[in-house]
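Two complexes come next, and they have one chain in common, chain A, joined by chain B in the first and chain C in the second.
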Partner chain A sequence: MEEILQILLSGLVLGLIFSLVAVGLNIIFGVMDIVNFAHGEFLMVSMYICYWLFVWFGLSPLFSLPICIAALFLLGVGVYKLLIGRILSAPMLTQIFATFGLMLFLQNLALFLWSSDYRTIQDPLIFGKKITVLDGVFLGVPQLAAGAGALVITGLVFLLINKTELGRALRATAEDKEAAALMGINTDRIFALSWGIGGACVGAAGALLAGFYPIFPYVGAVFCTTAFVVVVLGGFGSIAGAFFAGIIIGLVQIGFGSYFPAAYKMAFVYGIYLLTVFVRPRGLLGKS
Partner chain B sequence: MSIGRAFIHIALAIAATAGLLSVAAPHSVAAQPTEVLIGGVYPLSGPTAPAGKDQREGIEMALDIINGSYDLPLPFAKSQGIPNLGNARLRYIFSDHQGQPEKAFSETERLISVEKVSAIQGAYQSSCAATASQASERLLVPFIADTGTSTTLHRRGFKYFFRIAPHEGQYAENFFNYIKEIDTQRGKRTASVGLVWENTLYGRDVGTEDRKWAEKYGYPVVADISYTDRTTDVTSEVQQIKRANPRIILHGSYVSDALLFLRTYKELEVNPDMIFGHASGFVNEAFVRELGKDADGVLVWEIWSLDLAGKQPLVATVNDLFRKKYGRNMNGHIATAFTAAFVLADAINRAGSTDPVAIEKELRKTSIAGKDTIMPWKGISFDENGENTQSSGLICQIQKGEYRIVWPTAFKAVDVLWPLPRWAER
Partner chain C sequence: MLRVNNLVVFYGESPALHGVTLNVAQRQIVVALGSNGAGKTTLLKTIASLLKAQSGSVLFRDQDITGIGAHRVVSRGIAMTPEGKHIFGRMSVLENLLIGAVTRRDPLYREERLDYVFSLFPRLKERLKQIAGTLSGGEQQMLAIARALMSGPKLLMLDEPSQGIAPLLVEKIFEAIVSVRDAGMTVLLVEQHVDEALACADYGYILQTGRIIARGSAKELRDGSDMKKMYLGIRPE
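After this line comes the complex of A and B, so read on.
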């Protein structure tokens, strides 16, 4: 019984983080039809920002959160203005290579600047602390904070997209760029904003993860692969879809991994990916 | 000519050129070369770059001593360069394989066919040493492995492959022998063991060897868990371990996973009597630095320790030189790379030639006494598989953030702390 509860709790927390990473990826894709292969590296940049803020100013990652959101928003907009905006009408292959190149660039820049060392933020506020949920069921405080933070931020993004004027403009652009432009929407601004919001989401995820996960130049790749599966399962462009899919993937990874040979836990995750592609290519909540 | 045919021609032309290039051009056997070139293939970028940097600096330290003049009881210290080759200088050309086996292969080919090196040293990862030595074997150039502990490496019947350090099989045997020793001391038999290993070449070998030796020593394996390295989360793996409740956990893990496992053990209160680490992630600088107090008590298999300085004054002298140059102490990776460079220098000197085939012949006849090295070994000499028959390892325990030797008795620096304190009582 405790074991099942432990698996559910750990799976839920992991899933919420996957959701937040995937939501950022999905916003950019939904609005622009461009897959950002450097998304994981945005996560890495955010984690390093937290790390240095902690080392230099002793700032807890919990307080670095708004700084990371702002910084990654700017990084997203900057990447759009300097790179993506210039290749909008280029063939899809060019766009893929552009973000792929950005990924390699950011990874190697991080290697150059900070070496491939593994670093951790040992924040006295939360690091290494845990709560006993029930006898034999534990949850780390940093994980709990990350799960709760991811839930709140995903909720806010959902409201932003679905309940505000800006969100409406984003959705309109996603649906039909030309028509949106004719209706007076500045699509260039909307594109930049989608990169900004996508960056902000993954920036938040980075700050939340930085509280307990090792930080190294390749950390993004670890999370980004799973984020792609989440996006496919949830449906391209759907925020609610990415949210639920993230939780499902988190639960599957930890649940199956606990009862089957653990080396195959990712096989179950990719199995879900294949099943979605075959049975329901538009994903759980994606538009057909 | 159709485009298709033209394409085939171009492809064939490229293949032919590449084929010609990779045939080892005859190495010049000039009477008095001014330098001898050795290829060093290491991960100099990518996730394992710190280990590659360690080994590179170990070699550079060795080159200072071999090419310069030092008052040290080491071979080649007092003389400059290789005496039998007109004091030619030893020079390494380093090449980066980024931890990728296919790059290790192509870089080794390049070093041999383009740079014309006389021997190759490398390659940190077992998987990279495997491919790199395949390339050098084909091109008839000796390959000397300083690290790379997989047992499969020396079972391929290669003629040009040499390894100075012990392999996973020796590690596993030492571990279980030690567990038995401890059991006798405390008059209580360890009830069960659990094996955790990552599923590339290194981890698989660890798993296989641990399983084999656990059986030989009669310890039941209650958990045998493989996982994919650099994972996001190990909760499910740790759940399985918790259910099986092994009294001793043996790990074959790289550093990021080792960190995750230890933290998850703490979080989910998994309290074994002991955790053993097969070198790798557990002897990485980041392991102790990032885990702090939580790393204390863990036992690791090591190849070298600064504690040796207590018994071998030469170790302290060389370490002082190293610290003066690089501002930090030596570790196992540095010490083995350092030693391998001397083994090559010794063979080249006896061969009196830069010809790879002549060097291979002399490597096979290597006989270096333990006291002429900084390693805790009886010496260095190779069997027909290229394995050093006189190497051995150390078991260290992390105590107050330092790796202290607890076994073998001849080098013991501190008493072992057994069992590990429970997480709640730390």
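After this line comes the complex of A and C, so read on.
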């Protein structure tokens, strides 16, 4: 019993982080119809920002969180302005290569600057501490902070998209760019903002993750491939879909990872991916 | 109010407009007629700055608005309902209308405009919370027009508002267009339904393969039925 609760709890935390990463991916895709293959590397950049802020200034990742959100918002906007905005009317393959190239560039830049070492942030504020949820069921404080933080931020993003004027303009642009422009929406600004918000989401996820997860140049690949599965399962473009799918995938990964050899857990995740593609290609909440 | 001078527009290598010149006087309904592929949509999209002109200019209220960007054209006071409606199908009717007012932040102004478009199309008020994609074709067209009116335009451009709509509703749409003009706005209408359009218009142009081949008051065009038949391939009546 305790074991199952423990698994559910860990799976939930991981799932909430997946959700946040996938929501960011989905905002960019929903508005632009472009898959950001460098999304995982955005996560990696955010984690390294936390790492160096901790090493240089002793700043806890919890306090680096707003800095990471702002920095990755700017990175997202910058990538749009310098790269994506210039190839909007280019063939899809060009756009894929552009974000794929960015992924390789950021990975190799991290390798060059910081080597392939695994690093951890042993923040005295939270590292290694845990709370007792029930007798025999524990949750690490960094994990608790990450799960709660991811939940709150995903909720805020959901409100931003669904309840604000800016969100309405984003949704309109996602649905019909030309009609949105005819309404007076500056679609170029909305494109830049979607990259900014998508970056901010993954920036937040990186900071939350940095408190308990190793940091290395390829860390983004680990999370981003899973985030793609989450997006497919939840439905392309659907924020709520990404949220629920993230939790499902988190639970599956931890659940199967606990009962089967660790190497198989990703097999189950990709199994879900294939099943979705065959049985319900539009995903749980995706628009047909 | 609107002056289009010698507009030339290409899609890649192929020309769609070869020097179109057209004037729209204030508080008039001006109609541009022409069969499929004549360049009507291209004309409206270029005025709206969705397309770039190769040469020529668009002047609105004596200001050059050629290629200033679609969102800026709206702020200058031109709204457009695109061909095929293009409402935001996943959003509610109310949200569609509010998107139409993105350039107008003042909540009081928005209330006023909402009241105005509901007086024009009472049906929309009944369906305020409905998801726009579930409206009938005619209702979607009403919504598309109402949405464009939310920005409080001085010039309303309509691209084939009668396309794919039940005949009974077509009449309603044209009544609404007349009422928009009578409320002091100017209308540039693009149509293939020649008779209905000329019945409500003040002035008209006839477009064929990217050129204006005739123009005149609506009455002159109505009477010159030979010309109509020649250039428009009109359905037998």
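Following the convention adopted for this analysis, the second predicted complex is superposed on the first by the 285 of 288 C-alpha atoms of A that agree within 3 Å, B and C clash if a C-alpha of one lies under 4 Å from a C-alpha of the other, contacts with A are read in each partner's own complex, and residues count from 1 in each chain.
Criterion: contacts are C-beta pairs under 8 Å (C-beta built on N, C-alpha and C of every residue); 3 or more make two chains touch, one makes a residue touch a chain.
Bear in mind that the values here come from a model prediction, so they are computed numbers and not experimental data.
Engineer: A:G184 in the overlay: touching chain B, chain C, both, or neither? Say first, second, both or neither.
Structural biologist: In the superposition, A:G184 touches chain C alone.
Engineer: Just chain B (first), just chain C (second), both, or neither: which does A:T226 touch?
Structural biologist: In the superposed model, A:T226 contacts chain B only, not chain C.
Engineer: Touching A:F256, do we find chain B (first), chain C (second), both, or neither?
Structural biologist: A:F256 contacts chain B only, not chain C.
Engineer: Answer with first, second, both or neither: which of chain B and chain C does A:L285 touch in the superposed model?
Structural biologist: It touches nothing on chain B or chain C.
Engineer: After the superposition on A, what does A:L160 contact: first (chain B), second (chain C), both or neither?
Structural biologist: Neither: A:L160 stays clear of chain B and chain C.
Engineer: Applying the touch criterion given at the start, work out whether A:I7 contacts chain B, chain C, both or neither, answering first, second, both or neither.
Structural biologist: first
Engineer: Which bits of chain C are touching chain A when the two form their complex?
Structural biologist: Contacts found on chain C: 48, 50, 69-71, 74-75, 79-80, 82, 86-91, 95, 98-100, 102-103, 147-148, 151.
Engineer: Give the list of chain A residues in touch with chain C in this complex.
Structural biologist: Residues in contact with chain C: 165, 168-169, 171-172, 175-176, 178-187, 287.
Engineer: Help me check something: in the complex, which residues belonging to chain B touch chain A?
Structural biologist: So the residues of chain B in touch with chain A come to 45-50, 199, 225-228, 230-237, 239-240, 242-243, 255-256, 259-260, 263, 266-269, 284-286, 290, 292, 294.
Engineer: In their shared complex, at which residues does chain A touch chain B?
Structural biologist: Where chain A meets chain B, its residues are 3, 6-7, 10-11, 14, 108, 111, 115-120, 122, 128, 130, 136, 138-140, 143, 212, 214, 216-218, 222-223, 226, 253-258, 261-263, 265-266.
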